[in-house]
Amino acid sequence: MGWLEALDTFIQDRASHTLGVQDMPDIAMSENEVKGILLDLADRLMGAMDSWNDVVSIGIRSGGLLVARNVVKLIEEKTGKQIPLGALDIALYRDDVSKRLFSPEVRRTDVPFSVDNKKVILVDDVINTGRSVRAAIDHIMDLGRPKRIYLMVLFDRGGRELPIQADFVGKLVNIQQEKIIKLEAGLDEITIKDVIVSGARK
Amino acid sequence: MWIKGGTILDPVSGMTQVGDIHIKEGIIAGIYPGGKKGKAGDVIDAKGLWVLPGLIDMHVHLRDPGYEYKEDIISGCMAAAAGGVTTVACMPNTYPVNDNPSVTKYIVEKAARHTAVRVLPVGALTKELKGTDIAEMGLMKEAGIVAVSDDGKSVENTSLMRRAIEYAATFGLPVISHCQDRYLGEGGVMNEGDLSSRLGLGGIPAASEDIIVSRDVLIAGYTKLPIHITHVSTRTSLDIIRKAKDAGISVTCDVTPHHLLLTEERVRGYDTNAKMYPPLRTEEDRLALIGGLKDGTIDCIATDHAPHVKDEKDLDFDLAPFGIIGLQTLLPGIMEVHKESGIEFIELLKRVTANPARILGIDGGMLCPGARADITLFDPGARWIFTEECVLSKSKNSPFFGRKFQGRVVRTIAGGRSIYQA
Amino acid sequence: MNWPHKDLIAIQDLKPEEIGHILDMASSFKEISKRDIKKVPTLRGKTVVLLFYEASTRTRLSFEIAAKRLSADTTALSASGSSFSKGETIMDAAYNVMAMSPDCIVIRYPYAGIPKKMADLLPCSVINAGDGYNEHPTQALLDMYSMKERFGTLKGLNVAIVGDIMHSRVARSNVYGLKKMGASISLVAPKTLLPPRVETWGAQVLTEFDPVIPHADVIMMLRVQKERLHDRFFPDEREYSFFYGLSKRRVDMMKKDAVIMHPGPMNRGVEITCDAAESARSIILDQVENGVAIRMTLLYLSMGGTSNVD
């Protein structure tokens, strides 16, 4: 077995310890299902952190930020602790900026606290190739020197092109390469109402 | 004060009848055609006299500061008063040149201290009249100028003339233009023609004026801004101005009394009191100018009163400075033109009252209640001979000595004060 | 929005939505200059050549810093001490530079039209940093950004531009831009410094400064070039500053929330006094800060894709 296949098997193995691999049909996941996954993520995070003093959360715009808001809210409801939350825009750190047809949309990075010596919970909605996470890590390094970065994702759809794995995975999913996953928030901009799998890859 | 029984002539209202004028605190309190039964106060008996608005001479050289030996504000205004002139616009070719607010202020303040004649300074168009840099028109306006001019010369650089006109318009200042091509006629001392040839004197062709009149009028048309051409002397210039007015260009002009009464013939004998700029021209030019008064092309009559003392004028014709005095022969001169041409006296009167007031944008030049009491009493029948002894100016350079005039100023009132009495 | 332009030559070429897009993006780039590490790797490996044929400190510096903060490599060439002064034509110089494969040329040139010509003939991005009296688009963009930052919107804003309008590319670009974005403009200058036919520009034109002051939200003072003094457009500095300078008396006449702007460099005491330049209303230094952000935005948009074509 080549080392790539071995890695694949390893992932599958690890995945089987979570909520189980599922073939995601081309239909949305319900609000309650998503709530369940979020609760689970929050619980596991609470289990992994021995203290909250030096914990901060940064969500990658815009799906990751949505997930991070939910997790931070759940932690606050359960422990009373308010974890500082920042938003990261990774457009300027992408490795494919000049290879795309048009310059990607740039939004604001808004991290109103220092990351020096902190445990940063980096949150994204979906991890795929791993390149977005790499860009996010580079960006965080330009903001300061964290003690540790943890990666939390709502969905892991496989398809890595870089050796990057999440510490906290909500759910492993398996969908066709050309489809994309998008979260839709409610009016309060926190509640995730729908998970949409659609055909157009940007 | 009351002026009673005179024939009131007011070109603005058109009044030409006998009546009384009541003056109170320097202002005309009331005009009563037909007279009003007497009230108390000083009474001036004006029976048999013409009662005119105080004259406005829009082109005068007071020579102050710098050339006080020729004239100064005080003597110049005394001569003005003797001529029935109650407002003078004085040109900036003093020393230092009136191209900055300090000199303007000096003139305004000296006049206010010493005379009731209204002295309105004209500021320079260009610094030091050099024709290279625009003068501080805005600051001078704050200090009291009413117009700008480089009188004595033309601005040679056409682009600068254009910018100067535009800059003056920024401050609402009328531009008075002396039109003379610097090179054509350089060295000339009289009108170029048969006479100058025979007399052996250098000539100044009419064209040297016509060319610059044409230029200035065209710039005015292009920029759609007004211009006033001073001391027009040739029939061609007049024609150009007439056509420009017809074309809707905002141009006005003035002539001197001497250009209306004299021709180049006066130069025979080499009398330097016949030497001025623009020079005395031909009879055709003179008649054309009178025609310009008739048809309304000429807006104003102004003297270009230019004092020079005897020592200066008593030189060879070629070397003597240009210029003659004129304040005291203005009204008598107008009377002559009236007699010769038949133009209504009141029409001519407008050229030294309401029209200059309008062009300079000032009050005055009319007799109406509320106006400043600037009034001239003129005896239209008096016959007299103008001599050197009559002259109140410091300089006595006039071509009219010995001339018999009909009509004489007998009293001048400025701001309600009597400033001259014959 | 997919940015469709390879170059930035004139505000006249931009649609209002495009201007809005640039202004929206600029705040993201502004944030970078506030970090400790003022760099993002976005334009790593890109070469930006600055050709400045006119003396300029702040614009050149601004572009260089902007490019470097995006990790691009920059080289600057100025007019003196180079083949430019040896009589080489600008297009020859441009082709020579082009042969060294820059990704972007930022050009400032004393005569109008050259940046457009370069943009049409060269394959790289061309950004106009000021061409003669014609346009200075990045200045107008940073001016508009500064106004929007302060007031939230440009629509309906009353902007007064005061000074040598005739010779100002800053004025022209701002008039084009502000009109597209729905602002109201007043131009104030002595008649000799107003361009011919300025009445057709769609702005209110005045030769007196005081009347606009109580109504203006923005008063933008233009630099009076001392060279102009002796070119006979107005008599001297003291008359100019009396009638058209932003003095303390005039600052006191301004609306409560109105701001003072100036593209720099200032002639203190001529068009603007110390009181005005240092007053709380002045956003002159904000303009400079925003200049870097705007230029970063433009460099990003022009070079951030393979196929940004017109």
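Letters A, B and C mark the chains as written, and numbering starts fresh at 1 in each.
Following the convention adopted for this analysis, a residue touches a chain if its C-beta (ideal position, glycine included) is under 8 Å from a C-beta of that chain, and two chains touch if they have at least 3 such contacts.
No experiment lies behind these values; they were computed from the predicted model shown.
Student: Report the topology of the inter-chain touch graph, choosing from line, ring, star, complete and other.
Tutor: Looks like a simple chain-to-chain line, open at both ends.
Student: Could you tell me which chain's Cα centre is nearest to the average position of every protein Cα atom shown?
Tutor: Of all chains shown, the one whose C-alpha centre lies nearest the global C-alpha mean is C.
Student: Which chain's mean C-alpha position is the greatest distance from subunit B's?
Tutor: Chain A.
Student: So how far apart, in whole Å, are subunit A and subunit B when each is placed at the average of its C-alpha atoms?
Tutor: Taking the mean C-alpha position of each chain, the two centres sit 92 Å apart.
Student: Quick check: how many Å separate the C-alpha centres of subunit A and subunit C?
Tutor: 41
Student: Where the centres are mean C-alpha positions, what is the separation of subunit B from subunit C, in Å?
Tutor: 53
Student: Within the complex, which stretch of subunit B touches subunit C?
Tutor: Those residues of subunit B that touch subunit C are 127, 132-139, 142, 157, 159-160, 163, 166-167, 169-170.
Student: Can you check the complex and tell me which residues of subunit C touch subunit A?
Tutor: For subunit C paired with subunit A, touching residues are 1-3, 25, 27-29, 31-32, 35-37, 39-43, 46, 70, 300-301, 303-308.
Student: Give the list of subunit C residues in touch with subunit B in this complex.
Tutor: The contact residues of subunit C facing subunit B are 190-192, 207, 230, 232-236, 238-239, 242-243.
Student: Can you check the complex and tell me which residues of subunit A touch subunit C?
Tutor: 89, 91-94, 97-110, 138-139, 142-144
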